[in-house]
Amino acid sequence: MKKICSLLALALLTFASPALSAPLNVVASFSVLGDMVQEVGGQDITLSVLVGPDGDAHTFEPAPIDAKLLHNADLIVMNGLELEKWMEKLVRASGTKADILIASEGVTPRKMNEDGQTIPDPHAWQDLTNGVIYIRNIEGALAKADPSHADDYKANAARLLTKLGALDTWTRAEIATVPEAKRKVITTHDAFGYFGAAYGVTFLAPAGISTEAEATAGNLARLIDQIKQEKIKALFIENMSDPRLMDTIAHETGAEMGGELYSDALSAASGPAPTYPAMFENNVPKLVAAMKLN
Amino acid sequence: MTRRPPLIEINDLTVAYERQPAVHHLTGSFAPGSLTAIAGPNGAGKSTLLKTLVGLIRPSEGHINMNGLRRRQMAYLPQQAEIDRGFPISVADTVALGHWQNIGIWRAVTGPRWKSVADALEKVGLKGFENHPIAKLSVGQFQRVLFARLLVQDAAVILLDEPFAAIDERTTADLMKIIHYWHDNGRTIIAILHDMDEIKSSFPETLLMARELVGWGPTEAVLTEKNLYRARALSDNWAEANRHHHHHDGTI
Amino acid sequence: MDLYQHLFAPFADYGFMRRALVACLALALGSGPIGTFLVLRRMSLMGDAISHAILPGAAIGFLVAGLSLWAMSLGGLVVGLTVALLAGLISRVTDLREDASLAGFYLMSLAAGVLIVSLRGSNVDLLHVLFGSILSVNDQALLLVAGIASLTLIVLAVIYRPLVAECFDSGFLRAVAGHGSLYHVIFLVLVVLNLVAGFQALGTLMAVGLMMLPAAAARFWAIEVWSLTALSIAIAFVSGWSGLLISYNYDLPSGPAIILTAGSFYIASIVLGRHGSIRARFFPGTHFHAR
């Protein structure tokens, strides 16, 4: 009798363990979120990212494989704030039963101006304090989906939060080394609204928030005037739009290229900004160096 | 009458298009200075023969012996349809193209050459039309322009494909005079014509064909009822035979 | 003075406006004559076809060398020429007419281009990046367009007579000269060169638009090849100038502003032109009398 019981118990365990140790299938909408989720989830999750490094989440066009990924997911993590306008349709098409986490929930949203319309600014992760909110939301969602590893998630999140806290302090200190009047920067992508508000930097852009807006001669001339008036020498190309436009401005105003900033996506693993913290570690020194030239 | 050696000799010529012979085993010759009309039913291969003589089409079988005649000594007038009538070019420039063999793409059209253009235009009855855009010309006037170009080309052999198709009588008569002018000057003329009366009245030699040779020689001898009937019969026969393979031993 | 303020000041004040204007001039000088001949040869849609056909070439150039003007132009040039010449060859050797032949090839080329672009993995709007924009003409692009315009003018001056002969009466040229196709090929090479240069410097819309619209408009005013060409160049340049001013003053995208200006010249010509226009047909004025 005892032998049968232990045999049964062994059999049950054998059957039960695959279910217990199967990693959670998580799909993140784009690379920044993907990195956050990977850090918190660690080895207990299998992560897929829809818009990979250097990709453009604003203009992403889903392929059939993406619907399949969603369908097989246990948890979907998206930014919200109208970043992923394509997500709703894709979710419906995939017929997925997964929970969907809006990572930016709880963030105080900013507004921005695009083509005369006021729309929500989705780039909340550019403020590290918002990043903290994101991480907490992600931790909560992962723990809910897979309670057996809640402790792991909590530990991972805590580690990351400490890191972010230090990063935030460091960023403020770096920017403080630039005189207040010089804290101005030009970049092609209007993604730094939250960063600017949080860390006291003014960002000016020649084109609107998305990569689709086409430049006009009038806009360009006015921007050049502004640069000359405000004496800005800090220029940055965001890693997606037409760099030639930036060259034109640089040519005209003597402003210099400050290097590449990462705002809407992480870089590839071999690049300078493969993780969320690395993004700040790349951006901040470059911003500071360029602003000092103003 | 002294028999001069032939200028253009055709030996067993066959010209086929997608295995259909347009010209079938044709043999004969054109004497220098001759004035020959080519006649035959529609689709008889007359245009194809002319194009082969000029070198635009290659023979499938057989051989044409030009006896030293070079391309630059031949002038060819195709049927009008292939030219862009609406093109913004003047009468003078069109006629001046006739000097191509001498000036190519580089050399300018000089004074004496422009004079020859003016002379040619006068000869065809278009004096003063130099600056007219060709788009504004009637069909008859345009044909005169093309003849003026031929005059300027000053070629030894002139080949004409239906020069009087859809042309008014007055123009036909005037252009016929040009043909006689050439003939009087010892040039060789070969012209495809449909109007039997025209051929009988103006052309001493005729080549009658319906893909194959029906008759070639003095017009009165060639354009007999019997030959014309035979040409038509051959033409109908070919239409029939198009649906079968053709073998040279007559079997199908 | 107010007129100066409006017409010249923006160009005096801003380098990018000056460069854009010079680029328009170069494009007008090169593409004006080419467009005229395309219209005369009834090949007006070729510009559009080639703009799609060169995509795989430019994409490969980008994959190999990044945003290098020369790499993408070279790639685009090679593929564009291949498509144009293949289409011509097929139409000569088989029964297929040139327009159908070209359509077949450029569609295949476009599909190949889209495939290559998607293989790269990222979702960068490559089409936007592969082709230029008039506001970001740099010295390299200017050099390219100006160089091609000069080359075009020189070559056209040399082959002017055979080209006209070939457009007008290709049968005559073939009978008399025997190598009429050579000039057709040279012309095709010039077409693709001008288009590729135009794409790289100014984008596809601008390049094709400034090539075809002025030439089409000129047809209603001039009746000789040389005056058609001159008028095409003039209309193209004025459209560029006006379009840039409109874009500057009314905050409109420059490329479309320039093309719509050229388009309005075109519409005006259809309605009011001296030859073959609506006015000429319905309101011809008193007829001539014999003197």
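Per-chain numbering from 1; labels A, B and C assigned in written order.
Everything below uses one rule, namely that contacts are C-beta pairs under 8 Å (C-beta built on N, C-alpha and C of every residue); 3 or more make two chains touch, one makes a residue touch a chain.
Since the model is a prediction, treat every value here as computed from it, not as a measurement.
A.B. asks: Name the two chains that are joined by the greatest number of C-beta pairs in contact.
C.D. replies: A-C
A.B. asks: Please name the chain that ends up farthest from chain B once chain centres are defined by their CA atoms averaged.
C.D. replies: A
A.B. asks: In whole angstrom, what separates the CA-based centres of chain A and chain C?
C.D. replies: Whole-Å distance between the two chain centres: 42.
A.B. asks: List the centre-to-centre spacing of chain A and chain B in whole Å, with centres computed as mean CA coordinates.
C.D. replies: For chain A versus chain B, the centre distance works out to 79 Å.
A.B. asks: Which whole number of Å gives the spacing of the CA centres of chain B and chain C?
C.D. replies: 41
A.B. asks: Residues of chain C that touch two or more other chains: which are they?
C.D. replies: Answer for chain C, listing residues that touch two or more other chains: there are none.
A.B. asks: Which positions of chain C touch chain A when the two form their complex?
C.D. replies: It comes out as residues 10, 13-17, 20, 67, 121-125, 128-129, 132-133, 135-138, 244, 247-255.
A.B. asks: Over in the complex, which chain C residues touch chain B? Could you list them?
C.D. replies: 40, 158-159, 161-162, 164-165, 167-178, 222-225, 228
A.B. asks: Spell out the part of chain A that touches chain C in their complex, as residue ranges.
C.D. replies: 51-56, 59-61, 211-212, 214-221, 224, 240, 242-245, 247-248, 251-252
A.B. asks: Give the list of chain B residues in touch with chain C in this complex.
C.D. replies: For chain B paired with chain C, touching residues are 54-56, 71-72, 74, 76, 78, 82-84, 87-90, 93-94, 97, 100-101, 104-105, 133, 135, 153.
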